[in-house]
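Pasting the structures in now, so scroll down.
You will see two complexes here that share chain A, one where it goes with chain B and one where it goes with chain C.
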Partner chain A sequence: MDQTSESSAGKPRSFHVNWHNLLPWLIPVILILIWQLAATAGWVNSKLLPSPLAVVQDGVRLWQTGELPKNISISLYRATTGFVIGGLAGFVLGLANGLSKISWLLFDSTIQMLRNIPHLSLIPLVIILLGIGETAKISLVTIGVMFPIYINTFHGISSVDPNLIEMGKSYGLTKRQLFTKIIFPGALPTILVGVRYALGVMWTTLIVAETISSNSGIGYMASNAQEFMDMETVLLCIVIYALLGKVSDLIAKALEDLCLDWQTKGGAAND
Partner chain B sequence: MKSKRLKVSALLVLLAAWLAIAGYGYTQTRPSSSEKNQLTRVVIGYQKADPADISRQHGELVKKMKKAGYQVVFKEFQDGAALMTALKSGNINYARLGDTPPVVNQANGLDLVYIGAGASKEYGTGVLVKKNSGINTLADLKGKRIAYAKGTAAQFAIIQTLAKAGLALNDVKLVNMDQGAASVAFAKGSVDAWVTWDPYTATAQVQQNAKLLTNAKGLAKNRDFVVSTRSYATKHKAISKALIKYMGQDMAWARTHHTQLINMLSKTLKLSKPIIKLDVERRTYSMTPVTDAIVQEQQKIADVFYEQGLIKKKIQVKDALLK
Partner chain C sequence: MTKAVVKLSHIYKQYGDNHALRDVSFDLQPGEFVALVGMSGGGKSTLLRLIAQLEQPTAGTIEYADANLVTRVMFQDGRLLPWMTTLNNVSFAAHDAKVQARAKKTLTAVGLAGFEETYPTELSGGQKQRLALARALMADPELLLLDEPLGALDALTRRNMQSFITKICDASHLTTLLITHDVDEAARMANRVIVVKNGRAVFETPGAKGESPERVARVADEVLKVILAPDDQAKEGERLG
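Right, the complex of A and B next:
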């Protein structure tokens, strides 16, 4: 997007920029329009599928009662804490296993076994081991986030071009310099893909985590509304998840752009 | 370079906002009154709108227990299974359950004890059908798809109802679904009938053009129970006694203050007042120690479940009482 806007100066530029900025929102807007049309025209039972307008009104009402801000902020707290802990754990493990064969032999197959366990099936175990408080909910997010970061960090580090490392060695770089100048920058794009993916996993795990004895959070709001067929709130929660997902993706993408600046510039990372 | 600085500052602002909101969320998760005291903590697990929830919202129980030297903490659960796991692992001390989960869990070897029993809810539990479905008698259920939730009061109610109608379990198509899914499936017409309890029954009657084909009168009492583990209950007899006594007093309040109760419940459940009114007015509220008659009712559930192969072990419900 940026390249096109920078390369074309003058009048056509504004047209290009607008068009490119609007295109990503085309499908969501069309979907919402169809949805509203279907609701107003009475193609669907409004009890089962309320109109977007009704959902927005429900959102405003819940915002005014203070329920929505409370639940969003609590969910955000759980998600962020889980993400930071899980991300760090995944990064450290990925780093260790990418750099040391012994560590890889020791940990990797265990991690691969744990990775594919559905989070829902972990709930009884989490309750028994960690109880029903905040720790339990955050831990579940931690577990969810850890694996994508681990896999991508490990993959990024182990797939750095060996020729580059060889070259670095012949230039007489120390082990530390080798890591900071060659291995880490080389692995960074893959690691950031992991971060982006993990941000998605963070939200999906959180819904599951918030069904463990809770009375707050978006996940609680959604499952509670579902139980009593409060479809407006169910849809509102879906929209909130979608928006939160988009915001976290924006952050990750901006981070990616900044960290990987050196790639497009063709210069070395300077420190 | 300029656009880069702009990007960095936009990112920082976004991150700062994110962290600020998360930090605000953190303060929300802390208990509001951080009073550290010498009171013994008693944790009660409940589900929405059950007798324990009424006690929690009414607020008297907490005050009276505090005077007696106990700090009562309520924990909300979305389903009975998580509630049982939390009870087993000692994260909660008492659990409010329906009539079926204690039987199933006793058969699974959990050493639980009944502490108190609520009033019968037989008028609000039953088989729902659509008004225009053409199902008018129990016999019409033959060959129909009936939604129920496994391991709940609904399972016992449908077994009893079919037995009364002279139908075998495989004369109908039973579909195991949780309440949320069953509610949607019933509204959409994907199932012909739905066995459930209040407030779901009342919701369907008021909102979904449904009628109660039959209630559970004489078939299943669908009482509420307060249960604990034997190890906890043995050591804390005084707490159990006080809890049932004060919960009983809250239930007496609920019996005589329908208007306030309806207001309170329609707010917590986010259901309209006509729904809650229908629910509240066809049931009664109480919380008493478990009598022999109630043990017999529970024994009946255990025997039927054993005959149907739903539990593997024949159990004596009276074993689950504290001597």
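Right, the complex of A and C next:
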């Protein structure tokens, strides 16, 4: 009996867990291998599509010269600053409009009109008004991030089960307790969906902003490399954006796992 | 006669043109277990919502024994907070220093000891209702309002919960109002059964709490006849309010 349980809970299980951890990386690894093979075998013009190895070597070189860390840090600074400002603005507006009908009547129509303007179409206006400095790029990220967080915060708060709010009131909760114990936790899953989506918008906006109007950052590195037909660096920048996007998504996922662990529980017990 | 815990006098409730309640009067005496029984849409839940002060009557008065009467509602759907553990669901509305200890004691009283860190989604239907009951009992209420609390349970769990709730209410001498459409449940659990039909309290009879199954069946049968009788046959002499 013990042997059976050992064999079923021992090696096979650990292999199963490892396999599940590795599976998401299978397709990227296969694509990189095919890419490397195509470059090595001469199936593609290596000047137009350098091998992954050449891209990595370029990355190491740029890291050693200090150019890569400098540009990554400036991009991270712009992304996080814009995300924090836009996220806070979207959250506060969503909160106000979700909790107060007067606030909703006052702000929502205006926000909906502004939301429907593609924020990247504001780039010429932002460059004219704010130049190509940090404020311009951070402002663009802020605008891009604000609306998804606003929409999800507002929707999350207004769709909290009214029966739970009624229960809270009947149990004597104050307005503040009602918010902290029922409304906010009830809205949190939807708010975090907004955060995850906004992280994607954050990188997209920053790439475009840095490519069009910048003299630093990963986007600038890419557009500058394009001028000199430095395809290794162009591809390196694309890979860095992909990695930064993946890291952002992992952070958002970790945040969801931390705050919403109750959602993963389930399976009613027998009475 | 002791002062009623709650007394309803000539209550009317109207939603637009719809008369949900018409001239309803009754009271709840201390320690009494009263069941309001009737078909869906008859006005039972509206009465409970008025007593719980979740809504206001269109006309009539509701008097409470004490202006600060502690009333708790156990809702049909439990209304548990899925993001809180069992322990936090019980203690979330309490603010005293010994709240955790009291919450654990209350969970033990309803048979949920050992489930403190469990989330509601991990509990069975019966356990969820026990948790909802524990939450209601946590405030040491003087009036407990049960809004069809066992409607979603299977027959066996339902029967267990009926005797469990009766036992707990008796032990703390708790004034209780049960809303149900199950005549057997009303007859078995209550000291007094009131039939609510088309917005009126049309019939009242002593319940058969703690009595023989035959007596329970007789009371249930009597109540059922009143519920199913055409409106014009409702006994005017036994009409309340």
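One rule holds for everything that comes next: the second predicted complex is superposed on the first by the 244 of 271 C-alpha atoms of A that agree within 3 Å, B and C clash if a C-alpha of one lies under 4 Å from a C-alpha of the other, contacts with A are read in each partner's own complex, and residues count from 1 in each chain.
Criterion: a contact is a pair of C-beta atoms (placed from the backbone, for glycine too) under 8 Å apart; a residue touches a chain by one contact, two chains touch by 3 or more.
Here the structure is a predicted model, which is why all the values come from computation and not from measurement.
Chemist: If we overlay the two complexes on their shared chain A, which of chain B and chain C does A:251 touch? Say first, second, both or neither.
Modeler: Only chain B; A:251 stays clear of chain C.
Chemist: Please indicate which partner A:182 is in contact with in the superposed arrangement: first for chain B, second for chain C, both, or neither.
Modeler: second
Chemist: Quick check for you: in the superposed arrangement, does A:171 touch first (chain B), second (chain C), both or neither?
Modeler: Second partner only.
Chemist: Report for A:163: first if it touches chain B alone, second if chain C alone, otherwise both or neither.
Modeler: A:163 sits against chain C, while chain B stays out of touch.
Chemist: Would you check which partner chain A:132 touches, where first means chain B only, second means chain C only, and both and neither mean what they say?
Modeler: The answer is first: A:132 touches chain B but not chain C.
Chemist: Name the chain, either chain B or chain C, that contacts more residues of chain A.
Modeler: When the residues of chain A touched by each partner are counted, B comes out ahead.
Chemist: Given the touch rule stated above, what does A:78 touch, chain B (first), chain C (second), both, or neither?
Modeler: first
Chemist: Shared contact residues on chain A, chain B side and chain C side combined as an intersection?
Modeler: none
Chemist: Within the complex, which stretch of chain A touches chain B?
Modeler: Residues 2, 45, 47-48, 70, 72-81, 123-124, 127-128, 131-132, 134, 211-216, 220, 223-230, 233, 247, 250-251, 254-255, 257-258, 261 of chain A touch chain B in their complex.
Chemist: Show me the residue ranges of chain A that touch chain C in the complex, using the header's touch definition.
Modeler: 163-164, 166-173, 177, 181-182, 185-186, 188, 260, 262-263, 265-271
Chemist: Could you list, by residue number, the parts of chain B that touch chain A in their complex?
Modeler: Residues 3-4, 7-8, 10-11, 14-15, 18-19, 21-26, 28-29, 45, 48, 75-79, 81-83, 85-86, 88-89, 91-92, 179-180, 183-184, 187-188, 199, 203, 207-208, 269-271 of chain B touch chain A in their complex.
Chemist: What part of chain C is in contact with chain A in the complex they form?
Modeler: So the residues of chain C touching chain A come out as 52-54, 71-73, 75, 77, 79, 81-84, 92-93, 118-119, 121-127, 135, 139, 157.
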